[in-house]
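In order of appearance the chains are A, B, C and D, and numbering begins at 1 in each one.
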Amino acid sequence: MISPRIISIVVLLVGLVILPHFLKFHHQDFLIFLGINILVVVSYRLMTLTGEWSLIHIVMMGVGAYTSALLSKSLGVSFWISMPMAGISAGFVAALLCFPLFRMTQFYFLIGSFAVGEAIRLAWIYFVKPFGGSSGINNVPPPEFWGLDFMEPIIYFYLVLTIVTICLFILYRIENSRIGLTLHAVHWQAPLAESVGVDTWRYRSLAFIIASLFVGIAGALKVHYLGIVTPHQFGVGTMVFVLIWVILGGYNTFWGPILGAVVLSVLDESFRTFEALRPAIYGALLIAGIMFLPKGFESIAPKVRAWWRSSRASPSP
Amino acid sequence: MTKTPKEVFQARFGRRRFLGTALAGAGAAILGSFPRISIAGTKTVKLGMNIPMTGDYAPWGLPGLYGCQIIANNLNTDGGVKIGGDRYMIEMVAYDHGYDTEKAIQGFKKLALQDKVKMVMMLGGSTVGSVLPFAMRRKMLTSTLLPSDITPETPYLVAPCESHPLYNVTGVEWLARKNPNAKTAVIITTNDIEYGKQSAATYNAAFEVEGIKVVDVNFHGFDVVDFAPIVSSLLAKKPDIFCMATDVYTTPIVEQLFHQGYKGKIVSCTLDGYQDVIAKTSKEFVEGLTYQFPDFDDPALNKPGINFPDPGGFDMAFNKDHAGEWSAVAWEYPSILLNWVEAAKAAGSVEPVAVTDAMKADSSPPHTFGPGKWWGKELWGLSNAVVGDWPVVAINNGKARIQEFRSVYNWLQKYNNVLKKHMQALDLRTV
Amino acid sequence: MALLEANNVTMRFGGITALDDVSFSIQEGEIRGLIGPNGAGKSTMFKNIAGFYPPTQGDIVFAGNSICGKTPHAVARLGIVRTFQETTLFQELTVFENVLVGCHLQARTNVFSALFGADRAKQAKAKQKALEVIDFIGLSDRKEQLASALPLGSQRALATAVALASDPKLLLMDEPFAGMNTEETKHMMDLTTKVVESGITIVLVEHDMKAVMGLCGYLTVLNFGGLLAEGTPEEIRANEQVIEAYLGGTA
Amino acid sequence: MELFLQSIINSFIQGGFFALWAVGLVLVFGVMGVVNFAHGELVMVGAYTIWVLHAQYGTPYLWSLCLAILLVMMIGLAMERFLFRPKQGDPLGGLINSIGVLFILQVVAHVVGGTGPAKQVAPPYAGTMIIGELLRIPYQRLFALAISAVALLLLWYFLTRTKLGWSLRAVAVDREAAALQGININRTSAIAIGVSGALAGLAGGLMAPMTNIYPTMGHNVLITAFIVTIVGGMGSLSGAVIAAVLYAFLHTFVTVYVSGTIATMCGLLIMVVVLIIRPTGIMGKRVSE
């Protein structure tokens, strides 16, 4: 007897495997970046479990992207090594930043993390060697494996699908392990947690490092498909979108941020025909969303389920 | 170009206009999404623009789309263009990537695969970098305004119009000849690679060739709100020539020069909206200010050999609907469109590869300001940029006027080693 | 030898002196009342012991070694755990989960063993422990309820349970009886005695004199940050200064 | 020497602007607990108002300035009433709302002004004051400096010497306590964002004749305002003003003698250092246990 959740996940995965074959043109690429962004938001949520919201997450993605790009381009390291290295280096940088950042909490942490991130970005622009300044590093080679052509969207999509699924699984395990419970405790009652022996500083740092590690991997995935990494990709503008996805999707469940990223990215893409007016429509959407669904898109699910039940309970003739 | 701000504003806000503006996006979208009902016996060829229409870079995208729509409409109302025995209506399809690499590649694929466009025009820089692998593999003709995007691996990437920033040498040449006793210069530019450092290198080379010493170069970020400090520090070097290798910030910089009592010569890359500059300073102060981008109602552009049909009319048409939005790209993308038309006629086909070959086959390709030459091997390993004559513009009692056309090509033939040296000094990619 | 010794503890915030050269010692297995009018410095003393901030001067020695300047979690690891004024709980967790968090010290794990379930045995033991504690405080029948759903009395009990779960040597209880009705108080007193009988030393700060007198074998009275008196409930009841202080405090 | 003196003057002028930007942000955060990401856009709207009224329709500069202040104040009040008030006690919700407003205002600016090169406004007070052949101050900047100084003084008076100002400060210190004392939170919030909007409009109006006016000009404003407010202490207005001037000096002198990019980096790093040493800013109140 397998639990319905497992079944639904399997179905979902199968669906994702065949999905790209029904998509045409640029929609396969859209799917690839969506997959990467999902890893970004889910790893970000792990960070927010401790109640701290940072603005440096996307810069950590950049750290990963730059690491992988530099390793594979200047040192000729294979993608399969440079990708984990991307994660590790991002995690390492995060570990270094823990000391200054976690002296702050709440709003001060938000802005402090923003400042550090922006400083890192400026460093990429300022030090043309090795970061290539504003135009960054281009011609980053795609992965190689059994002579597969990773410039083909579908093939790269499968790569992304595999890696992202694994990462999501790990993140899910962590959240539902003892560590997840402790992070929760740190968020809601830091003093009480401390008093029963929880080192809150350590757990905040842990969450930050793990989140950075996975977003670093996401960065590697991005750069090896785009073939180019620039400081412009990791500006606060991009970070704002991550915030939007997580908050509007809802950050109380594991699935909320994913929902947010998917729904909003699709809408944004469909607004593109409005060209210059698009941001306004998007902005109005944000406000509407937060006003009418303060708990995020995820809060629809229970409602729907309830409605479904009631409608089945009393079948209309 | 010669409208008072007031007219500009009413042009924009005349009842008709206002709606027009508000719906411009939607309108253009509809133009893009529905194939034009074509007259019997004519086909439609789609040309793509993968450009920023929102965000900081919008000024280097949207005006180009407007310009191209004007040219396309003109060609279509004349019954389209005759290519290989068929009449083709030209349709512009645009995608807004907001200068985001992720969206750039998606937009490019949308245009190439879904809309089946025959050429994609882009601004250049990182957005081009992100589409190149796919574009070159697909042999899709792609145009950029930044020749520095060209590498030996990019045979289908061409820079047929603006050879940024190479043309800047002409301005320096002209200025130096007019002021033989100018000995020192300072350069102000942005700290980015694509625009700032490329320009700085070019100006360094140009000044060295003229025997003028560059005493200070200031690379500033895009976050500058007040130019007083930078200008003060540059003026402290007492330069004879003040060189602005930038576009967005020219007005505030000139304003500061004015307030801080600068007496020497000014050379700039662009001077978009120079009436504002005059309004902020004085006719006398900007007199003789030298730069590179002419008004299109300039009579000098009616001389034979200019490859742009009725510049004056184009200028008028543009300002009728998009007053105050004019920037260099407003005519540069159209000019590339015209290059494509010529090449397609020559090729007798609209297929990208054929058109590219036809373009490259032409030993003196039509450049906006006269016959040009394919060039670039010496710097980027592939001669896919068209360089030819470029106008030197100077302000004569409140009006921008072309002083003369000078050959960028000849300069490059003579001095490309100097240029190369200075590019390498700034860690810029060269072969 | 004493389990906990406070030696000449002084605590200043900017200008005000919250504790002024206070010394006392607590024997293993006793249940000690720390009383005094409002602002006498009881809570400050608590926070000093529990490591929320180090005393400005003086030393606090636990089981023979100084715990000054140690962080709360470090102190907790040594076996000193506090409960909080009001009911500080993980309101949105169930009773069971609350206690499970309390088991942190036995159950804490690293990312990898958490990932590969290498800590399964450990977690099982923690869960077992949690159930025992819940049973001990008599909340077994409500262990799946949300903490926020419990009545005040049970919430206090739960708070104690969370503390007990990290099996402390010394339990600091901050006003456990505040705002309780007689019946709840009764129940809480029984619980407290049970805890002491299970071999845990208790220090409690309390205003409810009846409860304190009933529970504690020995009292320490603070006033204006200074040590006013020490002694058995009877001695304290008879102590002029104490009465004076309380009247002064209440008047 | 000349450069040194000139830089000092420049620093003060810049400091005045930084202060105007930052103070508005501090007020709204202090009183409402909302980080108004659209603050920079409010400044932008102020600048555009001047461009439309003064540069296009020839309305006298001072009138346009007043109207700009009024308009932006209105926008602020509307935001408070319809976006922030319903989201009381939900800072993230407020944040998202302000981001939404940011997007919308940018597009409005785009529709009004179109794309193309940045909009410019000719300075109503042309000419330059020359002191002893080595100091040159444009009258426009002198005017801006004076007005911002006056505005800040008025604000200081309002907050320290009037009943309303006192209630604002009370709410900023402790919302609940203030509410218990019968202070109307909604009213104070409205006043706070009204004042903040007015200052933003003023800043935009004063900047308009000296800077590029374009839809995304608010970005730099916001970042600078953040740095200043953090260094100054999020709760503290005097701190914001001091920090603004200090930061202006730092930025100006590093820009002049080293490099603009380095200057910005320094700003950010100093901000982090301040946060590490004193997480509530140089003038901020200590957070107690």
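The criterion applied here is as follows: contacts are C-beta pairs under 8 Å (C-beta built on N, C-alpha and C of every residue); 3 or more make two chains touch, one makes a residue touch a chain.
Quick caveat, the model's predicted, so the values are computed rather than measured.
Chain centres were defined as the mean of their Cα atoms; on that basis the chain farthest from subunit A turns out to be C.
Put simply, the chain closest to the centre of the protein, by Cα centroids, is A.
Distance between subunit A and subunit D, defined via averaged C-alpha coordinates, is recorded as 33 Å.
Between the CA-based centres of subunit C and subunit D the separation comes to 49 Å, rounded to the whole angstrom. Each chain gets one centre point, the mean of its Cα atoms, and the points for subunit B and subunit C are 74 Å apart. In whole angstrom, the spacing between the mean C-alpha positions of subunit B and subunit D is 36. Each of the following residues of subunit C touches two or more other chains: 52. Of all residues in subunit D, those that touch two or more other chains are 110-111, 115, 223, 261, 264. Counting partners per residue, subunit B has 22, 53-55, 58, 62, 191, 221 as the residues that reach two or more other chains.
Residues 170, 173-174, 177-179, 181-182, 184-185, 188-189, 191-200, 206, 210 of subunit A touch subunit C in their complex. Across the complex, subunit A is touched by residues 22, 24-26, 28-29, 32-33, 53-55, 58, 62, 94-96, 99-102, 105-110, 113-114, 125-126, 129-130, 132-134, 137, 151, 153, 191-194, 197, 221, 426-427 of subunit B.
Within the complex formed with subunit B, the residues of subunit D that make contact are 2-3, 6-7, 10-11, 13-14, 17, 52, 55-58, 110-111, 113-120, 122-123, 128, 130, 136, 138, 141, 207, 209-212, 214-216, 220-221, 223-224, 251-253, 255-257, 259-261, 264. Every residue of subunit D that touches subunit A in the complex is listed here, in rising order: 29, 35, 37, 83, 86-87, 90-93, 95-97, 99-104, 106-108, 110-111, 115, 223, 226-227, 230, 234, 261-262, 264-265, 268-269, 271-272, 275-276, 279-280.
Taken in their complex, subunit A has these residues touching subunit D: 53, 100, 103-105, 107-108, 110-112, 114-116, 118-119, 122-123, 125-126, 236, 240, 243-244, 247-248, 276-277, 279-280, 282-287, 289-291, 294.
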